[in-house]
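Across the two complexes that follow, chain A remains constant while its partner is chain B and subsequently chain C.
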Partner chain A sequence: MVTLRNLLAAALVLGIYSLVMAALWVVLDAVDVAFTEAAVGAGVTTVFMLLAIAATGRHEKIAHRRPWLPILASLAVGGLLIYGTLDLPGFGDPEAPAQQHVAPHYLEQGEAETGVPNIVTAVLASYRGFDTLGEVTVIFTAGIGVLLMLGIVRRRRAGAGDDDDDTGERE
Partner chain B sequence: MEALSHVNYWAAIVLAMIGLYAVIAPSNLIKKLIGLGMFQSAIFLVYITVGKVEGGTAPIIDSGHAVYSNPLPHVLILTAIVVAVSTLAVGLALAVAIKRDYGTVEEDEIDEQDRR
Partner chain C sequence: MTEHLVLRVISKLLIPPILLFALYVQMHGDYGPGGGFQAGVIFGAGLILYGLVFGTEAMRAVAPPRLLVVLACLGVLLYAGVGVASMIGGGEFLEYGALSADATHGNHVGIIIIEIGVGIAVASVMTIIFTALAEWR
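Up next, the complex of A and B:
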């Protein structure tokens, strides 16, 4: 999708990629994330992309800039990151620090304390409910931002009718 | 097995590199946002990988299972996916607004118009 010149095709490949990632989340035991990725990542994102491409044109102009600097920068960052992973605990290690801190408490006490057997839901809605409120605030702010940006521009240029303002409040 | 224990991280890093390249290299703003989406997925992969426990199952308490994967990264990434879509929506709205004002979403042409 990086080399595709047709943006419509690139957006659809992004949607397929997102769906494949959702399958990967199921394999990695993150079923709630898989739901969200399939609905929001593959669904809503693709709709937004298609709306935006409809408004901006579907063909990318052929760029005559040299790709070597971006490639070099990406490789340098990737090399540093791979160097950083060498100290990480191995895949699926039950003794890893990430598995030792607060997660066991949630898994052992979560159902008794909240009454929800799905621990992801329990943490999201009960233990970290305020964070979820913050998340909703972010979505609200983004919705207002989108509406303002598209709305103000439309008022200034009355006549240039275009209606893709449903990019707003989504969950 | 020891040699393969970091493959997931490396796959995520390769995805992140492709995403980073796609943010820097193209001059089309929509293309940059697609690259940003790839980069974000790569970060999600790192987190979900950290949460996976060998032999574990999805963190839904059930008498038939004893080992569960870590639910915390799942919560974080659930939030992150939704926030990612919000940022994407704002970015796309910016691109549409730029298209209306400049008549193009190609970075080079926007720069040229600004220099005049």
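Up next, the complex of A and C:
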């Protein structure tokens, strides 16, 4: 078993994992997902992780007790998820419910109805537009949450000539 | 990071193409892989690279947080606004076909506008989170 105490290395491993996943999405012909995975997972998230590590500490605290409960919980959840995949239809199975329901309509009528040749964009932005609005709201909420917790806009010092974008010292 | 000459020069060379590529992904999302979300992340990544190399004070000059917050709100409102506009046009919420006399054309226009909203919101939020994390002590 490989363990990493160095969080910097762990963050980089996570980024590499995302990049490999992106390659896997390309192999599975899901280029839009691969694009997102590479940009978000391997790119921006890694930077955020590194910044968080820079703000806290570079090494994991050494645990004095073995974390049996978390290990058991992860193994149990992982086992359940793997058990759940046994009932999934085979990869690319034309009889799968996902291929039978609305997918044929999207594939056949998508371009005629939306004028957009990229079916993924047509589904995300038009057929599932309300879901995407929800996703954008989630991202917006994440940004607002970070702002509320860490705060960057409120640094308007008394006597500072310019707006908040001048060189303001923290202390 | 003032001493890393190679990093600074290469970043200055790379950032404009990254931002341009983001705009390409934004506008080309209808025809190829990509769309507002990916474009927003790439645009944000370009700004984040600038912030990483030149520091957050320089980044504040380029992307003032106050402006970013306004832009993030604007992006979400643009998306929801298209929904309201389609209601005014006689359709359901987010039924873009009502935006134009021709339903297909209306759909296409609606998709382009909401993708721009997504792109603006995502790029601003990514940059906001970066600035907040980078300056937090």
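Convention: the second predicted complex is superposed on the first by the 149 of 171 C-alpha atoms of A that agree within 3 Å, B and C clash if a C-alpha of one lies under 4 Å from a C-alpha of the other, contacts with A are read in each partner's own complex, and residues count from 1 in each chain.
Criterion: contacts are C-beta pairs under 8 Å (C-beta built on N, C-alpha and C of every residue); 3 or more make two chains touch, one makes a residue touch a chain.
Keep in mind it's a predicted model, so treat the numbers as computed, not measured.
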Which superposed partner A:Val47 touches (first chain B, second chain C, both, neither): second
Partner chain(s) touched by A:Gly129 [first = chain B, second = chain C, both, neither]: second
Which superposed partner A:Thr137 touches (first chain B, second chain C, both, neither): second
First, second, both or neither for A:Leu86, with chain B first and chain C second: first
Touching partner for A:Leu19 - first (chain B), second (chain C), both, neither: neither
If touched residues of chain A are counted for chain B and for chain C, the larger one: B
Partner chain(s) touched by A:Glu60 [first = chain B, second = chain C, both, neither]: first
Which superposed partner A:Val146 touches (first chain B, second chain C, both, neither): both
Partner chain in contact with A:Pro117 - chain B first, chain C second, else both or neither: both
Which superposed partner A:Leu8 touches (first chain B, second chain C, both, neither): neither
Overlap of chain C and chain B interfaces on chain A (superposed complexes): 31-32, 36, 40, 44, 48, 51-52, 55, 117-118, 120, 124, 132, 135, 139, 142-143, 146, 150, 153, 164, 167, 170
Touching residues (chain side chain A, partner chain C) in the complex: 31-32, 34-36, 39-40, 43-44, 47-48, 51-52, 55, 112-118, 120-122, 124-126, 129-130, 132-133, 135-137, 139-140, 142-144, 146-147, 150-153, 163-167, 170
Contact set on chain A toward chain B in their complex: 1-2, 7, 10-11, 14, 17-18, 21, 24-25, 28-33, 36-37, 40-41, 44-45, 48-49, 51-53, 55-57, 60-61, 63, 65, 67, 69-71, 73-75, 77-78, 81-82, 85-86, 88, 90-94, 96, 98-99, 102-103, 106-107, 110-111, 117-120, 123-124, 128, 131-132, 135, 138-139, 141-143, 145-146, 149-150, 153, 157, 160, 162, 164, 167-168, 170-171
Contacting residues of chain B [partner chain A, same complex]: 2, 4-10, 13-14, 16-18, 20-22, 24-31, 33-35, 37-38, 41, 44-45, 48-62, 67-75, 77-79, 81-90, 92-97, 99-101, 105-106, 108-109
Residue ranges of chain C touching chain A (in the complex, touch as defined): 25, 29-38, 41-42, 44-45, 48, 52, 57, 60-61, 64-66, 69, 72-73, 75-76, 79-80, 83, 93-94, 96, 103-105, 107-108, 110-111, 114-115, 117-118, 121-122, 124-126, 128-137
